[in-house]
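Two complexes come next, and they have one chain in common, chain A, joined by chain B in the first and chain C in the second.
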Partner chain A sequence: MNVGKFLLRRVLQGIFVIWGVVTIMFGLRAVSPGDPATLMLGEGATQELIEHVREQEGLNEPIYVQYFDYLQGLIVGDFGYSWRSNREVEAMVIERIPATVELAVVATIVAVVIAIPLGVISATRRNQPSDYGATMFSLLGISTPNFWLGLMLILLFGVWIGVLPTGRRAVGFGEAMVTLVQYGSATGLITWLQHIALPAITLGTYFTALITRLTRSGMIDELGKPYVTASRAKGLPNVLVRYKHVLRNTMIPIITVLGLQMGTLMGGAVITETVFNWPGLGLRLIDALDARDWPLMQGIVVFIAIAFVTINIFVDAIYSYLNPQVNE
Partner chain B sequence: MISDRVKSNLKRTFFQSLLPKIGLVLLVSIILMATFAPLLATHDPTRTGYYDEQGAEYPPIGHEYTGSIAEDGEIVEITVEPTSEHILGTNNVGQDVYSRFLYGARVSLLVGVLGTIMALAIGVPVGLIAGYYGGRVDDALMRVADTMLAFPALVLALALIGVFGESPVMVPDPFVMIGLADGMPEAIPIPGTVTIVVGLVSWVWFARVARGEALAIRNEEYVKAAKSFGTSDRTILLQHVLPNSLTPIIVLATIQIAVIILLEASLAYLGFSGTTLSWGYEIERGQDVLRTRPWVSMFPGIGIVLTVIGVNLLGDWFRDALDPNIEGEGR
Partner chain C sequence: MTNTQQEILRVSDLSTRFFTQEGQVNAVADLDLRIERGEVFGIVGESGSGKSVTARSIMDLIEPPGEITDGSIEFHDSDLADAVRDDYPEAVDGEYVDLLEVPPEIRESLRGTSFSMIFQDPESSFNPTLTVGEQLAEAVEVQRRASSRPRSTRAKTEEYSFGSFALSTVLPSKKYVTEESRNRAIELLELVGIPDPVERADEYPHEYSGGMLQRAMIAQALAGEPDVLVADEPTTALDVTIQAQVLDLLADLQEETGMTIVLITHNLGVIARMCDRVGVMYAGEIVERGSLEDVFDEHVHPYTEGLLGSLPDLDGTTGRLQPIAGNVPSLLDSEMENRCYFADRCPKAMEDCLDHPPEYDAGGDDHEVRCVLAERRYDRTRALPDGYFGETERAAADKHADPDRTEEDVQPERAEGTVESSGGDRL
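Entry: the complex of A and B
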């Protein structure tokens, strides 16, 4: 099978998955208690007004008609209107994307930059103090609930030492870069870094720990394979064998696991954003849940699913690049 | 079903390293703590109170005070520091943090184990059937599994709880029933929906592993032989495929308990729990007084970390001992 065909198949599967998510969310909304029109108008609205809104919103139609209307809207990018604020859901989702993406990207970078060297050191110096240290760190990392970690970081750095802000996102990365380029002032960037440091560590710790563990065990597996012994016997320098061949082969399964863990990352973002009052999609989702604002909830969840599917198609593409056997 | 090789592997890896021993000690202590919570607790974990400056309960119960100063001008606190009476202090409604710490272990462990059983009960049959039959059945079931994976577990759990409510289940306390622990709550609430929901969002991992095992086993000679004798699929699945795929499923189940404990804590932290005895809920409550009364959040968090470390260490031990691909630490 060639790469194009392989990817096309994955895209079709992805569309099916997104349709599944849309349908499950619609089903949940259909069985959820509470009358949408009342939720939209608030308590104390007159019966006439409620009836008017029901008619206008198509809530009196049979459920399957509502379902196909909703699907039809989604296909052209119309996610409907928020019941609470009456704004377009697309706009409410889009405006929150940068904050969450910034957080997720910085957290992932922190995780990868710390975890891969740590895992390599751990695997190549087995049963030495540095290995024990890395193992303990990763054990703590996968065992600590991130909201508690966030609170303890706030307590330590925000309250006791008092060097970092305890929450909020003062400035976006884009704006910070603009001030840097236009006015040559780094204050924006420093403020941005100060605000994102604790949330990114909070979100990234679990992944740092996970990747460290995966790298360590993957490397140990690979180092035991005959080709490593053969390369060494051939006289290839250890460094070259380790980093060019072993690490590359170790990365293949790790990338797949990380792609599948994107859901965990999004779940972690919901929590982290709540702890730090970080105005991203996660915080908006919690607000939507509290307000039972279903169109907004659906919109955010469907968006997350689209992101998940897209990232995993990319992961598959990288995978087939790193491991050409997949395409055969 | 547990072969001698597995037993000897378990023994060897246990004595080889310090970590499984630490894990076992941690977990056994926490299980004992949870079981005997009513006997170990110093106060009713649900009873709120007011305290004077020494931490002694201030007014006779039944009095109501609105501020922090009592009628006679004495200073009365709700959240007190650790004292000899309240060894870990009290939380922001005056409940004893130490006693709540003990009861929190019950919620965490019960939800962790019951949720994992839920996930096993759904995921393993689905995975075995998909892998064993292959073809269309496999395709359909795996697409459903993909869809579940595209949902962040936490987000799906939140949506489901939003729809079905929290429905706590009151579990009566045996120690109180037989009169060994007077003054403790007669029953404690266990989050009902959460327990089901954490299972519903975790079954996919079991399905994937069980499917992989079934795929590998269905082409083994002995399965083909059994088939040629006319053994039914049901019998083959239950007597051959299931027992032979148990090892990776047990390893996964152990790790999944840890994941589910963390998930329950997160849901409780976000306010979707159904029981105020959850460690996660307590951490959220402590957030309001984090600056001045950090112990309210700190101790339940330590409880979660220790429990999850214990479970994870046990999971690592099982994996090292049982997974033939890794074959212990020595290679």
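Entry: the complex of A and C
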């Protein structure tokens, strides 16, 4: 099957998924208690004012009319206004994307850079001290809760040793790069690194542990296959057997997990962002939930769905490149 | 084959053991083999008799928990002998080099160039995610790089390193496989009779049929122009008509190149068709060996008799087939007694069989047999009573027979034994 057809099919599937998410979110909003107009105006609003807002927002219309109005808005990119702050939802989502993406990408990079070599070492030196070390680390990493790890890191590096900030995002990566390029000053970049280090480690630890385990078990599995023996028999150098053949095949399932995890991280790591007061989508989602700010919640969730679907299409494309049998 | 032929491989007292949780498994014990240059030597036996382990020991493909614990594998190669004589004098005997005495790098440098191997299941013996052409080209490249430098420096030259690999992933010009090797791979595909080799080279293993893939594997094994080709059940996974084609191909290529083939199979039809000399394996040792005629027509060992008796005869004169009673014995060290390992299944077991028999000369040309019947006639008065070894031992022992074999392999292979060999016979 050719790439264009494949992509088209996946994009159509993706749109269907996003529509499903939108519909479920709308349904939840319709059945959840609380009157939107009261929420918007606060407890002390007069009945008249409430009626006026209801009329203005179309809240008196039948539910299906409201649904189609909402869908219509989404198609042209209008997510509505936040009930709480009365700002445009798109703007509120978009301004938080860089922080979340930065955190997700750095956490993933940390995870991949540590986990894959660790998994390879573990698999190729089975039942040796380095394998036990790596296995132990990954077990710890998987079983340590995020919020606890975040707090401990803050306590250790932020409070006791005092070398890293305890939270917040002082400067964006974009700005940091601009200062580096324009003024040749790396201070922005260093500040950025200092601030992102602990959240990224907190977020990436579970991920690192997971990928280490997957790499180890996948590689052990793959090393036992007959084609590995056959490659050795034809005299292929060990490095090539191990990396060109075995690691490459091990990566096929790992890429899928990576993609799924990246999608999850895109939605904002709610706990990590809360612990570190990291101004990403996760933190905004928590705020929106607290305030029962449905349009904002919907906007964030739809964005997460779009990010998830996009990443997965991308992963599928890589997957079909790595595993030719998918293209049947 | 005459005695003036030169021996290319001398395997003496080879023992390969597997150290499993249940205990030590003697997959191959005190095995002797003499293989002459240019011959086709067959090793035949039931599954679990140690055939594959023997092949892998020769190829240096034994992996933990397996280990070659004893013996020597001497390979005739005067260049190699000259190259290692100074550093490892104890490994060299004339023009022979004991492969178990030289460091692993030197053994590795022989794989693909002096020795190569074809495997039972072509589908799983190719990497599913690389094209067949690429995988063949790798084998060509191994040989090309090896022959570009003299024997003496081969093992000493730094091995292809992680750094070179990392570089090759970034720079296309640093790729391990060169364009020349790729072209040679296409030639090889053509040589083994794959139609449209240029297009086929870019296809993946799952796009090939089983027979074509086995041809491709033969091409891959020939890429290094090996002196010795080890073929481990090369036709077992193929259907009967394809088996014939693959065997013909092997025979033709052997005639052209003059390489030595060690052919491992449980199929006597294949042996009869291909081999000059045969070794019959049972419980990790060769119980009878000699020329094809000696083993087929003048055999002494009741096990050989049993193997041949379980072959159907197309004339239908033999009536019912005679299967060998019982199962292959346990190779677990703790369960092996110092007796003839076949005695518990042997219709002619005597009191003499309670001592482990040495190899006796059975007359003929290099015809040797590990059975007392070579020395004395079967004597009914000395026969062991029925049920002497008990029944339970056999059933319990079966699962330890072959460390490489999984439970599910057991049934089909046993069931197919007679049917398959009839197919082989007809070839």
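Following the convention adopted for this analysis, the second predicted complex is superposed on the first by the 322 of 328 C-alpha atoms of A that agree within 3 Å, B and C clash if a C-alpha of one lies under 4 Å from a C-alpha of the other, contacts with A are read in each partner's own complex, and residues count from 1 in each chain.
Here is the rule we go by: a contact is a pair of C-beta atoms (placed from the backbone, for glycine too) under 8 Å apart; a residue touches a chain by one contact, two chains touch by 3 or more.
What you see is a predicted model; the values in this text were computed from it and never measured.
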Problem - Clash-or-fit label for the pair chain B, chain C on chain A - result: fit
Exercise for the section: Have a look at where A:L322 lands relative to chain B and chain C in the superposition and call it first, second, both or neither. Expected result: second
Exercise for the section: Could you tell me if A:K234 is touching chain B, chain C, both of them or neither one (first, second, both, neither)? Expected result: second
Exercise for the section: Please work out whether A:T144 is in contact with chain B alone, chain C alone, both, or neither, and reply first, second, both or neither. Expected result: first
Exercise for the section: Quick one: name whichever of chain B and chain C touches more residues of chain A. Expected result: B
Practice task
Check the residue A:K244 against both partner chains and state whether it touches chain B (first), chain C (second), both, or neither.
Solution key: second
Handout entry: Inter-centroid angle chain B-chain A-chain C after superposition on A [Cα, multiple of 10°]
Key = 80
Completion exercise
Taking every C-alpha pair between chain B and chain C in the superposed model, the minimum, in Å, is 9
Exercise for the section: Identify the overlap between the chain B-contacting and the chain C-contacting residues of chain A. Expected result: none
Practice task
In the complex, go through chain B and note every residue touching chain A.
Solution key: 19, 143-144, 146-147, 149-155, 158-160, 162-163, 258, 262, 265-266, 269-270, 280, 283-284, 286-287, 290-291, 294, 297-298, 300-301, 304-305, 308-309, 312-313, 325-326, 331
Handout entry: Touch list for chain C against partner chain A, complex
Key = 56, 59, 61, 108-113, 116-117, 119, 121, 124-130, 135, 138-139, 142-143, 146, 159-162, 164-165, 176, 204, 206, 217, 220-221, 223-224
Problem - Complex contact set, residues of chain A against chain C - result: 225-227, 229-240, 243-245, 248-249, 252, 322-325
Completion exercise
In the complex, chain A touches chain B at residues 13, 16-18, 20-21, 24-25, 28, 31-33, 135, 139-140, 142-148, 151-152, 154-155, 159, 217, 220-221, 224, 260, 263-264, 266-268, 270-271, 274-275, 285-286, 289, 292, 297, 301, 304-305, 308-309
